[in-house]
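Next up is a structure, given as structure tokens.
Labels run A, B and C following the written order; every chain starts at residue 1.
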Amino acid sequence: MKKVLVFLLVLGVAFSAFAGGAKETPKKEAPQKVEKKEEAPAPAPAKPTIKNPDTLVYATYGTIDTLDSAKAYDTASWTIMRTIYDTLVTYDGSATDKFVPVLATEIPTVENGGIVNGGKTYRFKIRKGVKFHNGDTLTPEDVAYSIKRNMVLDVGGGPDWIWFYVFLGTYSSRDSNDKIVVDFKDIDKAIQVDGDYVVFNLKKPFPPFVSVLAGAWASVVSKKFVIENGGWDGTEATWKKYNNPKEDTETLYDKEMGTGPYKLERWEKGVECVVTRFDDYWGPKPALKKGIYKVVKEWSTRKLMLLQGDADIATVDPLYYPEMDKEKGLKVYKDLPSLVVTGVNFNEKIATKDNPLVYSGKLDGNGIPSDFFADKHVRLGFIYSWDEQTYLKDIANGTAMDPVTPIPYGLPYKNKELKSRPYDPKEAEKHFKMAFGGKVWEKGFKVDLLYNTGNKVREASMKMLAENVAKLNPKFQLNVRGVEWSEYVDKIRRRTMPIYFIGWAPDYPDPDNYVYPYMHSTGTFAGRASYKNPEADKLIEAASVELNPEKRKQMYYRLQEIWLEDAVGIISAQPLGRRYMKDWVQGHYYNPMQSSPFDLLPVLKKGY
Amino acid sequence: MILVLFGVSLLVFSIMMIIPPGRRAAIYVKQEKITPQQMEAMIKKYGLDDPAPVQYLRWMKSMLSGNFGYSVTASAPVLDGFKEYFPVTLELVLYATPLIILFGVWLGTIGAVNKDKPIDHATRVFAIIGYSLPTFWLGLILLMIFYGYLGIFPPGVLSNKGKDILFSPSFKRYTYILTIDSILNWRWDMFWDALYHLMLPTINLVLLSSALILRLMRSSMLESLGQDYIRTALAKGADKKTIHNIHARRNALIPVITISGVLFAGLMGGMVITETIFARTGIGLWMARAALQLDLPAIMFNVLFLGTVFVVVNLIVDIVYAYIDPRIRLT
Amino acid sequence: MALHTAEDTIKERNVAIHPRLQEFTFSAKRFLKNPLTIIGLVIILSFAMIALFAPLIAPPQNADPYRIPHTGWKMAPSPPSAEHPLGTLEQQYDIFYGIIWGTRLAFKIGVVVVAVNLIIGIILGSVAGYFGGITDEIIMRITDMFYAIPFLVMAMALVVALGRGLKAVIITLIILGWPTYTRVIRGEILVLRDRDFVLAARASGASHLRIIFKHILPNSIYSVLIIASMNVGTIVLTAAALSFLGLGSETGYADWGQMVSMSRNWIVGPADNRLAFWYVVIIPGLVIALFVLGWNLLGDAARDVFDPKMRRR
């Protein structure tokens, strides 16, 4: 019994000490915006000792899916691949439109003879003397094989569509019935080795092609190693056998043979991934010996790890920015413009069969019809009910901008003059009164709106939109519900969702990668929502192959106007991210195409 | 026993089959950048729209041939995931169960012997409060006090140094249970490290679960104190302590043994929350993720595995029970 | 405790109360003598009052009273103020309102689930225990199956399958909860089945139904009732655990589990005051713990008093 009392006592004391002790700490003002590693020099003795001085620990929530470049299509997998593989080229510091060569010796341009054939052929000279982690030397054949292998595998739901898009003008090696429809000779012709060069033959001119080669999906692997481990042998005879492998049968799923500055030491699935320095790296030698990517899903746990210094960098959601700003010993990089664009768009052809979300499926005051959102007045009614200012201030916590159109700030051809429609209940009412010849206003409607659970920003956004619309007319009944990811995805597939959330992170930093999904009738988002505007389709296709910047600009400007004219959807935010790390982490810089700060492992240092 | 397990597999599989194929395909979808056409291809690839009996037989066939399929939530084949996660859970259960039982038995005895005295009330309230708190709430508070404020007992299973030892080539993994392997390898530094990381989750479990044992112990102790022979002995002036400790307690322990088996099996499957909070990636956490994302191969395997554990543990309990309770042995 | 003497018995006989009622008053008296019981009773009764008078204490502002009103869209919780006496949760949901209406919901979830479980358990348990043979075998094997399924995992999968939300949680808990009661009832009935008074009733030609309901159940139901009373609290805890795992009711719903799981991210406050969000962490957690505590104290005390093996000493 005594022990129990003692225990309770300890608990109590600890708790009060925690409260008291915390209060004693001097209030420190929120750190000023840290400009690249500059921090006010504090008196020396205050600095705590650096934990794990030669190791970088990054705590975050994303689990790594695979390490094979043919399948990985998420930032968690990519960020590991960034440290163990090299690509031909990479982004130059913070720029998204300038590149530096990595495994190539220079960036091809028309002037240096690297881009020929009217922008359809790219020639890369491959660097000599580069060693793989097993000591083998890199050859141009390895580079060509790496890309070809990605096309051969073409894992469903993976990133390999990009290669079919640029080389063959299609999206996959298979049709929707899972049958192979591509000829291997076309793949073979697209990527060829010519002496010290690797030559890429594009279907059509594609100005952003170099940026495609900077993606983690273009990681260069050792051909010999892949074949030794039972992978595709590089011949036409066997390629179909390797197409669309089931999970974990992709050769490089948990092993690697790259040329990158770090080697894979171990990957404890769902726990952590550790990489160690590769001492024969051809480029500059990294300062840190080791990098650990730790999966810590619980925010409170992750926060404590960062505060205790057991993690050097931790992922912080915008919700917690204010409290983190009060912490000592941390460094924060603020207002980092991402290239993510989020918003909602309207399903203009809702599948009403077996769809409880639209209730009666008719415009009788107790449901909505399939073509509810095909009426532009309904869309405008919703758009004028969207309160962007409250969204930016309260929901996004001041950490987002309004990009107005699908093309984000920071990309070329962004029309910064355009303004989004304001929150205006009167205007919204006017449009709802005009919709369906007045029937919407007279009868009202009933609909369920969904978000995928776990995403608090989406949840609050959808609720705000629904409440603002419902305020206009008591006959407007909108229920907002959260559903599991599985249900959400299934509803996307069946096109039963009346309003979609859309959020796009770029595959390559070019307007083409935004207008296509958002506005082309076969694009990911527009296709789902049955949005079709022939003018937009034509412009998108023409702009993607246009080499003249001035003409391209005109086309993209026009597309952005169409977005507003057609009232396709609501673009709500382009997030401004933050990165919190221990103040002993040095050398950080931001590039919106980074998968995570762990990408920077080769250039980071620890010290004061 | 086999029949029960077969029934379990059939039951769980049928429940999963009620879910439309599109939802079951979602596990293979990483992000929203997917078109309806790609989804259809995915369903075809995994045969998710085949009739349910066909899918069940396919699963059964591959399972009987030793292939349990691939678990997306573990990013690994089911067996590999299991090999990685199970020892983590087992280790915690192995430490927590005896402590829970000892703690519960001790408090329960105190309560029974001092029935209706303040100390009886105090122990019961203490235990019931532990029992009444939401697991994650207590866990997070413990984490805040010990790790957040005092800076001790970090989350995870090992420190980075410990992990380096674990994965160094000279380290042999016999059982995959860290504390045991570290002793077998004579790495006491790692042993203490692993133990250090076990402290908080163990405390959490003990505080939460000992009420169960306490309550049972108290009532069965009261019952056995009420037995005629004990009352007679006490009336005759026999030493109270001896009587309590030796005679009454021994009898009272019998039902506790029964419940301990249930406790053990229950802890194996009920670790979800403790593991989430203390960042210990064991099967609890894995199964939670699998259930949320409808990772069918992982769910099926783990449900069957835990079912087997449950059945086997109960069998053992029955045998032990028969061994210590002569009345049952006779029948 | 005074021994029950022969004299007492005679006195009681003379008063000629129905023996069962007499049992009950005897037990009830003992029941009320225990201070813990009183505490438990007070807790549960206060909660019951809150649940009953919820519309008066916190007048609903939405068509669905269980939806917590909120002002504004700020994501971080706000401390107690005149407008929000207990502060707000994430997205500015009023904690006070949530606690009040959550009481009603907690009773609803707890009582509905336990009652349905109890009914299923009693029916299956008595049928299995009373008739025995193949019926018993089938029912008990099915019960075994449910026992062998890991509870939380199955609960999660079921809620996901049924499509999330409070309704799914209730259905799931009903589907998975009945085997305990079935087992206990069956065990009790097996003991009673061959007792003299049952045999006598059978000999006098009473129907099976009458025997079960009139003679067997009243003598065996105490133990399940005690389990049930304790389970009311446990059910609410389980629902909270499901909420923590992301499978409870909608956010903004007056559900304690939902509210308490919202506290998870605010346990460690900012540097200038680590307990800055105490109201989010402490209040819903405390309320839920009190509720469960109340039911447990009641159940515990009831076991001491009503369990024939424990009584009269």
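Heads up, the rule we're going with is that a residue touches a chain if its C-beta (ideal position, glycine included) is under 8 Å from a C-beta of that chain, and two chains touch if they have at least 3 such contacts.
Nothing here was measured: the structure is a model prediction, and the numbers come from that model.
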Chain located farthest away, centre of chain A as origin (C-alpha): C
A-C or A-B, whichever has more C-beta pairs in contact: A-B
Chain centre separation (chain B, chain C; CA means) in Å: 23
Computed distance of Cα centres, chain C from chain A, in Å: 46
Inter-centroid spacing, chain B versus chain A (mean Cα positions, whole Å): 37
Sites on chain B at which at least two other chains make contact: 19, 140, 143-144, 148-149, 276, 292, 294
Multi-chain contact sites of chain A, meaning residues that touch two or more partners: 18, 22, 298, 300, 304, 307, 484, 486-487
Where chain C touches two or more other chains, by residue: 160, 246, 264, 267-268, 274
Touching residues on chain C, where the partner in the complex is chain B: 34-36, 141-142, 144-145, 147-154, 156-158, 160-161, 233, 237, 240-241, 244-247, 257, 260-261, 263-264, 267-268, 274, 281, 285, 288-293, 296-297, 300, 303-304, 307, 309-310, 313
Residues on chain B engaged by chain C in the complex (per definition of touch): 3-5, 7-8, 11-12, 15-16, 18-19, 116, 121, 124-125, 128-129, 131-137, 140-141, 143-144, 148-149, 215, 219, 222-223, 226, 266, 268-270, 272-273, 276, 287-288, 290-292, 294, 299, 302-303, 306-307, 310-311
Chain A-touching residues of chain B, taken from the complex the two chains share: 19-20, 22-42, 44-45, 70, 72-77, 80-81, 84-85, 107, 110, 119, 122-123, 126, 140, 143-151, 154-155, 160, 163, 167, 276-279, 281, 285-286, 289, 292-294
For the chain C and chain A complex, residues of the former touching the latter: 72-76, 90-91, 160, 163-165, 246, 250-252, 264-265, 267-276
Chain A residues within the chain B interface of the complex: 1, 4, 8, 11, 14-15, 17-18, 21-22, 52, 55, 57, 63-66, 73-74, 156-157, 174-178, 244, 246-248, 254, 265-266, 268-272, 274, 292, 295-298, 300-301, 304-305, 307-308, 310, 484-490, 492-495, 501-504, 517, 524, 527-528
